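I have a structure here, written as structure tokens, and I will follow up with some questions on it.
As written, the chains take the letters A, B and C, and residue 1 is the first residue of each chain.
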Amino acid sequence: MTERKFDVLLPLDSSEVQRLHRNMKRRANRGRVWTYLGAGLIVLWILVPLFFLTSMAFTTREAVRSYPKSVLPFIPFSTDTVRFFLDQPGVVDGLWNSLIVAIITLLLSTILAAPAGYAIARYIFPGRDLVRLGILAVRAFPIVVLSIPLAVFFLRAGIFDSLYSLAFMHTALTMPTSVLIIASVFASVPHELEEAGQVFGASALQSFWHIVLPLALPGIAASSIFAFVLSWNEVFAAGVLTLENRTLPALLLVQLQQSSDAYQFAGGFFLMAPSIVFMFFIRNYLFNMWSQVTK
Amino acid sequence: MLVAPVLIFLGFFFAYPMYEGLRLSIWDDEAVLPLREGPSLKDSESGRLSQGVTVEVLGRQGNLLTDADATDLLTETWFRVAVTQPDGTTVDGWAPESRIRVREEGPDGTPLSGTVRPKLGEPDDPRTTLRDGPGEGGTEVAFVEPRAPAAIVEVAILEVWFNVRGTDPGESAQGWAPSRFIQVFGDEVTGRIDRGSAGEFTTEFIKKMFNDRFFDPAWRTTLLLLVLIIPAQFALALLMSLVIHARLKFNSWFLYVFTIPMGMSDLAVGTLFFSVFTGNGLLNSVLEGLGIIDSPHVFLSSQTRNWIILAIVVAEIWRSTSIVMVILVSGLQAIPDENLEAAELFGASYWQRVRYVMLPLLRPSVQVALILRTILALQVFAVVIALGGGDTVTVLTNETFRQYADFRNNNVAAAYALFVMVLSLASAFFYLRTVRTDTEIER
Amino acid sequence: MSEIVVERASKSFGSKVAIDDVSLTVDDGEFLVLLGPSGCGKTTLLRAIAGLGMVDSGRITIDGRDVTYVPAGNRKISMVFQSYAIFPHMSVRNNIGFGLRMSKTPKEVIQERVEEAASLLHIEELLDRKPSAMSGGQRQRVAVARALAMKAEVLLMDEPLSNLDALLRLEMRAELKRLLAEVNATTIYVTHDQIEALSMGDRVAVMKEGVLQQVDHPTVVYEDPSNEFVGGFIGNPPMNFIDGVVRQDKGRLAVELAGQKLTVGSALPALRAYGGKPIRLGIRAENMEAVQSPVSDGLKVRVEVVEPLGAQNLLTVTLLSAGSDAQPMKVSTHPTFGVTVGEQLWIRFPSHQIRWIDPQTQEVLSSG
């Protein structure tokens, strides 16, 4: 092996070369610093309002009314506002109603969507692409167009202002998303696993139950949570379809003009809190859905 | 087979309402009143008159009430009576309430007995006719003397039917119709078709919508918001997705925070930004803390329409950029790393790589995101209400709600919804045409 | 002028060491092949030279300029990627001219260079097509054209032929060699295919597990491998290795192999130090002489397998005296050499063809 050295080049372990390399690395990483900065700014943009809302919800009502609001949060910390909110007429019921509707939506949506998702992932049946397209179309459809006739229909059928009917509508809204997510979850479980199970003596159903289902369960759970969040947050249909049995968003919507700041902050907090928690659990599954879509 | 339950459910709760919604906007269920040969639903149709047509009242007759919940009826009460004739015999039959003077009532007001009233103005035959069934159409069974005692056995409520004649531009028609659909004027010989019971295609509602005084501001504001929000949020979403794509340390935490707004209800976001922009809210507190202003600046009031629009834009960008980001990140992840390395090696700076390699390959994702976001943006609702109160600033969805909730006009509400849908479809079509994608992107 | 000097480069991914203290010089205009099995660090080294994955320590200089942590775009180099990395949304013309466009070369120059590169690779008709409609071989040509259009002084190639089918690979190998000889850039070519390496390189650098094993002219690497690994990796069939013990036999050196004694003719001085110690003998299939009648300087073997390969017969033999742990050897004979399975043969081991290997260090004893 020949080794040639230029006279100009300094030995590798000299301090000059080490310094040169350090500078080069620094220069190369400059771009990344800007990226971190940008990321940080965006994080602030998102978190500051949330933080503010939370601190307002957990402070005294005087602090809520006061001006200018102090920069320091949670001072004084108190559950006064929250308790005030919960004492308002209809609020606890609203929370309860929202919960019930969301749970029903979660169950219905998942139970109905799971078989369909499985079918789309595993079988090629006539009209499969049409079904997928139709499901996408549903997702993009104006909820506005649906709510009014449903209200009329429910009125005539006598089930207007019922939590069940609202849950049905929410299920109709969330089902496409559930089907798509569950389909992609099942698609990611290799078919060979099911077949292997059957080779080893399990029936198709046993194979599904013991092998595929446990693997798909996290994804299915994610889609259920997504349905829950969608239902919990939904405001337009809830406002149209409920009267006495309002869900929390519907209640807040109706009360918006005449309610005090404290009421609104606490209400906003209750609307926001479950969503933030749930988004933490399902953030990974968001991408599955869209990778399927942009095919 | 497995898909069936989903399809059935969706068909029921989605396809049907969709169809109904569209139908409501262009079909007036009460446009036309069918007239019948006789005062009964069993009689055949003799003609039709449109709502609003003036009519002559030619006759009236009671008919058994078919629909207990109907409103605006004219009713007649008929009694089935057992009358003791002067000669001692008892005859049984029906007579209108006006022919019996009730003398005895039960504890709950039910008439129990009375006497036959004399027929005034007919000295020759003051007797009252009894019929075999309630209503003038029944056959005569007996004639009873005035002042004969009558026991009231049964009560029947009849709806009055009118025999009317009117002229619908072009055609004249005559026939019987229930009184609930006809408004009779004081002179009792003229009247007007109040509403119909059969539907016909109409553009009335759509016209009403266009002429609604809220329509103009609503659609203008909706489009203004679209134009302000979408370009800004796509730029922001691109930056956010580039940050995620750069795979910094704590990348998954950045991702989580970036997607938090996705999980929040639009009403919550509206409330959130209300708390920021309101008189003693966050923004004013910060501005005053920094010394930029001396007293709270009013952002949200009926005089500050432009500030409200700005607040809505900020709130909507905050809320809905995440979903665009998710779509773009998926698109970015599909670009092979070696393509970007090659671009770098051949001399492209970071922004050159973004412009010449990433953006072109992101076109399909951008198209999907544009379509989805525009459709969703046309339906913006809760944020507008929370920040603008729905009057100073109004959008199409808000008008739909207002027509439904305040004006109780389902048809015009449906017309607004139809308009939103048409705009959505038009925009989707537009994007599919203009944002051209390569039909094949090689792996 | 555009000499590449790698000094003591090291890089690890977590706990896995990818390249370990590698030093290498590529002369100006030289065509150096980086050869080794997958995972040996050759691609890591190439990428470090390219600037796509910086080293943890060490120095890389191109043309006398320290580029150790300089971003890839500033190194004035060109590269052909293993997956070609052709931009799917651009026409072939724009792909080839990409680098020139990024450096803001005037339009006429770009056009001229693009057409020149396209004609070198015989893809002029494809210039206005999109990559999605092209075969793998065509895309590969576009990748090479793109690299050549830059007229860079340094050209890096990361297994450019490995995604082609066997026949195409053969064709392209010859074409590339001819083409690159004309281009005269300093070229580093990574491959795991030792035939490619031997056929194309001015020098071959063999790597194993992040460590450089030997850098030499192809014939030297083939005939005088520096260690057992190189000997076994290069050549098809690989070099034979048989274990034995060095013995003194009446003043002359001999090696005892499975009980048979092989006298060593012009013995290596270094071998004397192994008297009584185990030694490993390495020899290539085509350097052994197979004889059907007994010879005194041959070892007796039994034929296990006969593979008629057309241009040669490849015999798998074992020393007759060896037991169940017999080490099989491959012997190459003329195709007309008639032999059957189970037959006994005598194999001559010409001394100058034997490579002696220390079983512990696995180094080949040098003749110097």
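FYI, a contact is a pair of C-beta atoms (placed from the backbone, for glycine too) under 8 Å apart; a residue touches a chain by one contact, two chains touch by 3 or more.
These figures come from a predicted structure and were not determined experimentally.
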* If you take the mean of the Cα atoms for each chain, which one ends up farthest from subunit B? -> C
* Asked: What chain lies closest to the overall centre, CA atoms only?
  -> A
* How many angstrom lie between the CA centroids of subunit B and subunit C, rounded to a whole number? -> 77
* **Centre distance in Å when subunit A and subunit B are each reduced to the mean of their C-alpha atoms** => 29
* Asked: If you average the CA atoms of subunit A and of subunit C, how far apart do the two points sit, in angstrom?
  -> 54
* Structure fact -> Check: subunit A positions touching at least 2 other chains come out as none
* Structure fact -> In subunit C, the residues touching two or more other chains are 71
* Which part of subunit B faces subunit C closely enough to touch in the complex? -> 336, 338-339, 341-349, 352, 356-357, 360-361, 438, 440-442
* **Complex interface listing, subunit A residues touching subunit C** => 1-4, 6, 8-9, 12, 17, 20-21, 24-25, 27-28
* Asked: Which residues of subunit B touch subunit A in the complex?
  -> 1-3, 5-7, 9-10, 13-14, 16-24, 236, 239-240, 242-243, 246, 248, 252, 254-268, 271-276, 278-282, 284-286, 288-289, 296, 318, 326-327, 329-331, 333-334, 350, 364-365, 368, 371-372, 375-376, 378-379, 381-382, 385-386, 389, 397, 400-401, 404-405, 410, 413-414, 416-418, 420-421, 424, 428
* Structure fact -> Counting only contacts in the complex, subunit C reaches subunit A at residues 3, 5, 7-8, 23-25, 27, 54, 58-59, 61, 64, 66, 68-71, 215-216
* To do: Quick one: which bits of subunit C touch subunit B in the complex? Just the residue numbers, please.
  => 50-52, 71-73, 77-79, 81-83, 85-90, 98-99, 102-103, 130-133, 146, 150
